[in-house]
């Protein structure tokens, strides 16, 4: 167990470093930060000066080294665009993204597993066919379009739900600002959460269904039936639990990509999370924010991976750490 | 072997028609409809230059004043009438959809092909050789998974813009897109193929080939590959739909094919701007086409997944 | 023609089943090896059938794989027709490979489901470049005939055949490179008895016709007895007894052989009282000390727990048991 | 005479497929008396497992019981509503499957699976159930049962797992146990142990056993009577000794001849030509007619029913039709 | 207390949404539109800009060039002004602020490059000494805010924030201005709440609370207005204007913006990197003329801009000094003549070239470029369109990496010199940084340089006209239009369009 965690940690560090390196290498091509930092009246000489001051003219590896050296102390510098410490900026935006990701993740998981189980147990029924087909719409239209359509229907035409933002928020503790405790906050969450969760829900549903069908054919399910266990016990106690083992892995990874996918949802719904921050930073070539965001994403993935592995460990007594078997 | 394959096979079509998979296809109305719709769109896209009444990719043929013509109504300035109306550049929406589907499908197919070739090759090698090659490839796959696909595509796009000389950016955009989408998808293929390869390689027919000293490359390609293609096909089908959607999504983020040669996704992104201004047709028709295409391809994938799973028959 | 075709000496194969490096460091464990076979030696004469029996995991397949070159031995020498097998030299292996073939246990897994039967059978011919063009299809037809199928079956796919027929196809493939020696790893254990009889008879007929030499691997003592001239009994990777087929059954030397014999259900309903079988095969990663059979042996002695018995020549062949070397044991 | 525990009458199981309906069991009838062990043998695909599945009501769709009746102690059970049938499963009919490695849910401890089963069928407290479970494990020969009960299946070896599976099948004290090839996946040495355990416990509790296997040896050692299935039809039923030593049906006779034994000395095994027909190609008349050396024209025309013979034997073969029934038919 | 309740009684909150947020609240850090727009509510400048473009009084009540020294500007500072923290504003604060604004890393420094010294003569008079005559300097002051010296010193923000320092400056999120509103809450890019400052010197505004939000997606912004979640939307997509006007409860106001959209090209290099022509076609006057004959500005206005633009042929908006009506005039497209000219220039079969275009900077920028592609295709100029984000686009112009590009130019000083300095003058020193045409004319350069020190405004205007004549003759710019601004709001709100796109909530009235 200790070895397992150690190895995971080592891998995580490598992953983070790789992501940092790759990200850093890529930033040089996203655009010139100076161009967006200064007004049009700034002379070329002044631009060059600023470039030197920011260390942008140093060799790539030196810049990277400096970045990593500061990053380990949690210092990602100051946003070129918003002039605030990047760490603070990200931390203030993170709760919004995490709340959105969590809620849509939970929605996706709950409905995904529910529908998945239903369609697996009722394979071929018209209700399952309908669920399967309708849910596919979630992966057959681009997320941004779904978001815009939801806004159009529920905010503009019906005026049931807000079209943008997070509504009212209250602080929990020092920095966690939540919208979950206010009515407008919850109302604001609905459309973005659906937009973001729809895609994941379909993926989870398909996965659960496929996995469940597989499990339902196994000998131990047949044997459980032969022992006279009730349908409920067989389907949910035995089949579902075994289905969940691989599903947990995939779902964990989904949670990570939910956070990444929130870029689009956040942009459409003007949701004040890190995704929207990132996209604005890309437009502005706000390198410190971009770098920090990517590191954060990598960290989130690494942490989720770790949790998933531990969960896997907990659920599956065979202690098969080799998840390659569980994923397809 | 070639001489054997060349032998005329009178009953081939009949036999294919009679096969389990064909049967399961005939028994699934959803799959038939889905296949019909996909085929229709794919054919329409392939033959777009012959079907489409206009060539929206030829800027010289466009008249800006034709812009925003509603479907089936004459344009207020030019008096031209278009079946599905025109967009903001005066492009015939119907023709643009056909040409756009062509681009989308091209991107989709090529991205899938790219991901497939990469994933299958690496998966086969990792699964067959095992050992450190396997560990390395799988770690790379892990890192790749760690990196969300949209971000990856965004960054690849950014980099390519930096590398490619300005004069070629336009022409290369579509290839960059293909590589970006393909690169974010290959892991799936690699994993599936690796897993299946590990299963297949321990099967005795592979050992039989090894006993006679067949070359590993031959074993991989002639023996193992055909036997791991089943799940790959399923992923590829669904991957095609995903790639088409991914292309659309990326176009929303401002990276994508040039708007002078829009794909379905770009069209939707453009049309989305006219949702509240009354020009609903610019959004509606491309969206419906994309929905029909992606939905039917997805349905086909789902059907294929079940049909190829011998245990579900 | 009683010269030795295949001889095996000190054949040992270990599998590295260690945990990953980091685990070993933290859990303060060394590397772990699974000894699949250890110090196995036997000879097979030209034209004879030599059989290996043993329970699951006793190392039968490992030996077979080493002999046909699928696995490299950790130690030991395999000599084929007096020539030592050199795994490093591709060219040498290639010329040797033509001369031996293998038949596998699972008729469903041993034929590539995507290939036509004629292609499957022709593969060794292609690979060794034995024939070309139309000769190939003639030869394939002849082989199919030989194993009791019809030449017309060549265009079919494996799934169109029953298990017994598939095993015939596998045999046809094995024969297509005109080998002298065939390793048969449980060729009939997946088949029904009525089909098994056909395959066993076929194997015998082919042996008579082509002077083939077989290494037959099986866990079924009655099959082994029916087919083999001499039999080796494996237990936990060690060859505990080798004997003439008939005599092994009438006069088993090693207690394990006796136990195996006793475990065979008695179809003849002779009502013989058997010694009850006890225990299960131990974990090969941590085999018991001394004689690995000692925890299950009804005649266990002190020395068995301490020392590995040496090979002893017995009345019927050879065996490894302290009982045979310690005078006062009986 | 007591009524039989299980009585199967004219059981027909069919699979509707796109190429027509396949009849996998065709008018199978047999009884199992109280305390009796009925062996069911036949080649792969003969319909042994289907018979078991049909009795316990677990035919997998699209398979279905097309006609016939199944009586359990005078109560008809083939048409029971699902929920009622579920209560019979495990409680009155226990089932043991072939593969002990896959029959247990890997995510639950042995205790959880045992207790769940016991409490599904018996109104006992958790503690009581656990006590029973430990006792049962102990009985099937698992050492240190009280400690090992909380282990997960993967902690047990194959033989031990099969013991657990037997314990699970028996934990609600069923009157009838259907054992579908309970030892096929195990080694000979373990096989003997498992068969012994199964036999003993059933005898102890007065449960009847339907032992499905393709291994004649196991049947010979274990069963009181044996039923031979061929292509979904019963070829012969009778006391074990009679059937084995003096088979009447040509198929049974051939089958017995094709089994190599430890004592027989023949060079070649008796060989039944061909193989069992697939369900979609069962010939008209007697299903065995293409392979039968004694077939005559009637065999190609009419399907024989079980014909009662002396000593409670029954044979489905026109060779044994008495003049009387010939007359009544004619 | 009585006044307070009075204020409360008529309290009006306005929810105001626009595409982007202020980057910082530091008054001098960024010379950027949205930043200034928000800061104008919190801070004040010496002089302001009225809706018609004229200068208005701000914290200065009077201003002019000193009678004694033509190099000195004199400002009379308003009395009785207090900062939000209650301290009075003095000439010292003005001196401090101007110094702060002109010292790097201030983003405003370029506008004050000619300033030599700022001094407080007395409590209400400030002298600004220039390095030479600077008749238009006051025009540069409309976005230079006055902050409290004491407050700045207290909080360690004596200079504008320095990116390289790696620390957040206090002034980025904290304010102490003299403006009509006090910042009470700020969450960058999410929500900023302003409350009327009851100590302000001017009349109390009708709007007592401003909730300012950013909605970057156009569709969402419009949706928020339609669903009543915001009251004023500043950046209305042109295609939605007509529709919004017809919507009940929504009013749209329009006005010209101080921003001009044009194409320009490399007319000096030997060859073009992106062209298949052997030479540089843009160097040929005939080609430039042909292009100006091919462009159909009215069609762009009608279709691309949905009627919401002022087509023009000159690269400056009408209210900028130097603009003339004839400069702006253009004829109908004449493709035949254009084709002739192309043939004359030696390109009977046309040529290919890449057009670089931003896609997130100006109104419908990409669509305009696309429309041009079609128009030029008719005279066989095969244009590849490279549309990309602004941070990739503008460096191309700055680094001379583009052959053909789109640019928009606002003239904050309302004087043509600003255009010449940046777009016409040869690139050297602080001149010509956006001269992507690589045009270089020493004569013209000399004339441009002379403009800045001419105090005789008439002569200066004549010089400007002269320069313009040359520039228009050379066709350095292929002009498209002036942008039109549109604000959409609840229909009981009155707000005029500000030419610099800097609406003031103080000017909002309710029906």
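Think of it as A, B, C, D and E in the order they're written, each chain with its own count starting at 1.
Going forward, contacts are C-beta pairs under 8 Å (C-beta built on N, C-alpha and C of every residue); 3 or more make two chains touch, one makes a residue touch a chain.
The shown structure was predicted, so the numbers you read here are calculated from the model rather than taken from an experiment.
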item	value
Intersection of contact partners for chain A and chain C	B, D
Distance in touch steps, counted as few as possible, from chain A out to chain E	1
Length of the line joining the C-alpha centres of chain A and chain D, rounded to whole Å	53
Distance from chain D to chain C - Cα centre to Cα centre, in angstrom	32
Separation of chain A from chain B, taking each centre as the mean of its C-alpha atoms, in whole Å	24
Mean-CA-position distance for chain C and chain B (Å)	49
Of all residues in chain B, the ones touching two or more other chains	161, 272, 275-276
Touching two or more other chains - residues of chain A	30-31, 148, 152, 156, 267, 282
Set of chain E residues in contact with two or more other chains	219, 223, 226, 360, 389, 392
Pairs of chains found to touch, sorted by chain label	A-B, A-C, A-D, A-E, B-C, B-E, C-D
Residues of chain A touching chain C in the complex	2-4, 6-7, 10
Touch list for chain C against partner chain A, complex	19-20, 22-23, 25-27
Sites on chain D touched by chain A in the complex	56, 58, 86-91, 94-95, 97, 99, 102-109, 116-117, 120-121, 152, 154, 165, 168-169, 172
Residues of chain E that touch chain B when the two form their complex	218-219, 222-223, 226, 237, 239-240, 242-243, 273-274, 296, 299-300, 302-304, 354, 356, 359-360, 366-367, 370-371, 373-378, 383-389, 392, 396, 401-402
Contact footprint of chain C on chain D as seen in their complex	43-44, 157, 159-160, 187-193, 195-196, 214-218, 220-221, 240-241, 244-245, 254-255, 257-264, 267-273, 275-276, 278
